[in-house]
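Structure in structure tokens, see below.
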């Protein structure tokens, strides 16, 4: 599989996300919006449930609500947390059954993202 | 808290669910629909991820998609799987942050259901 | 199956619908809202597609968007248009596959509504 | 129009809402959930936009997302802020056009709620 | 109208769809996901309702749930089933009325896709 | 910030929107669809609520329903109506709290669009 375009896709997403988050949080500086971003980060920290499980919950929520950017973000976190491909597929299967065939285009996107993230990791460890 | 109405609510939900599932699966007997129900059950069995984690994923998916019947069903399974109140609250917090304040009415419903399920369990073990 | 409560449910839905539609269209008399209601009715009249097919489309759209009142309304129209139980089940199966298990509570509701509507028709023809 | 059942509906909603909010905020006391509730309240306070306009925004958001409890809550706030029936109808018309006929059952609910709230206010001022 | 970019869009969609479906079904080989894909295909086969009507149901479900990839897929099937432009417009009108103005960007996409598919067919028959 | 790509994005969106609207309204000429487009335009005209407030309602509805094209269109109207950045941020904060973190990618998009629209306006007034 040729994933060179795909790799650019991940980098472009990260760059855009960083640039706009900075624009929103540093420059716009709206108190309510800033507090929401903080609350969002806090929701995935270790607590009664560990951070890994919470990222998996975030992934499935993002899939049934069908948001590719959110899926990419949570997949990145899930892979950093050490989930295997088989575990991620089990989670995505739950999302598929709950959310239906309308989730399938996002499943394709997610599987591509997983491949790209694994490839990045391999390159980084060479 | 007086939860007598609430307890009836859980029983009424279970009775209606059983009656209509029987009507759909036994009497209607549509192959596609039956296969969907089987696939749905299979998605929560132990696999690469254990059944408990999958039920938690089902709970959060149900909350962000805002379906009270689905929430009640997955809460029942989660409590049978042994999740504590604190763990369920952490999961529901992820659903609240991802799905927004529109999830709050379903959070109220879910917290009531948890109380009712704990009460049932206590009575059963008396 | 005892459907006496269910029969009341259909009557209560129709009475509430009629009362509030009258309140909205006759008394409130907001031009934009009235025109929307007219456009809504017109969308299901015979055209390039016949009215029956359009009602079936309305049913599936209502199921994947998970609106019980809309489901009940379109089921009533579909049955008046002469669709058989098997045809309705085929349509609901498409809704189930596209929309996922989150549609199941609405499938239960829909199957009960079909039973109630068939029962009404039988009584009326006695 | 006989709205006695309806009046009970508003009271039942408020009682349930208060009871469960207390259960969630006082007893459950989950930090993330409490902070979310605070953020939610803060979003509707006077700022660059006045609180009234924000409640109207909350109403339209609740209608297109189709949450009756949220609609009832924001209608109450909108009426306290002094919006006329005609202004509320204009806002609901935007929700109807953006969200489609699937919003109609919630429009019926909203119009009933407005009637009930006006009636309450009249009684209170007698 | 210059649709050369558009034609590339259809080809790119098909190539991506085929590549990722193969990756998911052949290589990933997750039993639940594979069974879901089979169930999805089966839902559109001739039954009590003919396959054509089912594709039209799939199209309207995809439009109200606002998924461009799903719209493109079902439009392709609908055109293979022989639906005329006028019939497709009637179906899309139902989707527009049920789903509201939020569907309009997807209506634009769908009309472009229909044009591209008709153009392809013409070229193929030259 | 380099927004040259972004500026092209706005122009490309407007050109595509105009081209497809003309294709739909002038050439396709489906009565129901045309009437829907008229109803859509009419919903934002001055009435009991002024057109500016209605555009703000349309913006928030578009954000919670997560439609970037709709967000871009309403932002353009809001800025023509004279809303300040701070007012738009207050409105978007309501959308964020109601709709949850799933709205964040659309918030990024919206903030970029506001920047691009302000830039266009500056250039035009030079």
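In this document, chain identifiers A, B, C, D, E and F correspond to the written order of the chains, with residue numbering beginning at 1 in each.
Following the convention adopted for this analysis, a residue touches a chain if its C-beta (ideal position, glycine included) is under 8 Å from a C-beta of that chain, and two chains touch if they have at least 3 such contacts.
Quick caveat: nothing in here was measured; it's all calculated off a predicted structure.
Interface comparison, B-D versus A-B: the higher count of C-beta contacts falls to A-B. Within the list B-C, A-D or A-B, C-E finds its counterpart interface, over half of the contact pairs alike by residue number, in A-B.
Mean C-alpha position of chain C lies 27 Å from that of chain D. One finds 39 Å separating the Cα centroids of chain B and chain F. Averaging C-alpha coordinates per chain places the centre of chain D 25 Å away from that of chain F. Contact of a single residue of chain A with at least two other chains is seen at positions 32, 36, 39-40, 43, 61-62, 64-65, 70, 86, 89-90, 93, 96-99, 101-102. The residues of chain E lying in touch with chain D in their complex are 64, 96-103. Across the complex, chain F meets chain D through its residues 39-40, 43-44, 47-49, 53-54, 56-58, 60-62, 64-65, 70, 84, 86-87, 89-91, 93-95, 97-99.
Residues 1, 66, 85-86, 89-90, 92-93, 96-97, 101-102, 104-105, 107-108, 111-112, 115 of chain C touch chain B in their complex.
Listing the residues of chain F that touch chain C in their complex gives 32, 35-36, 39, 42-43. If you check the complex, the residues on chain E that touch chain A are 16-17, 19-21, 23-24, 28, 30, 32-33, 36-37, 40, 61-62, 65, 67, 69-70.
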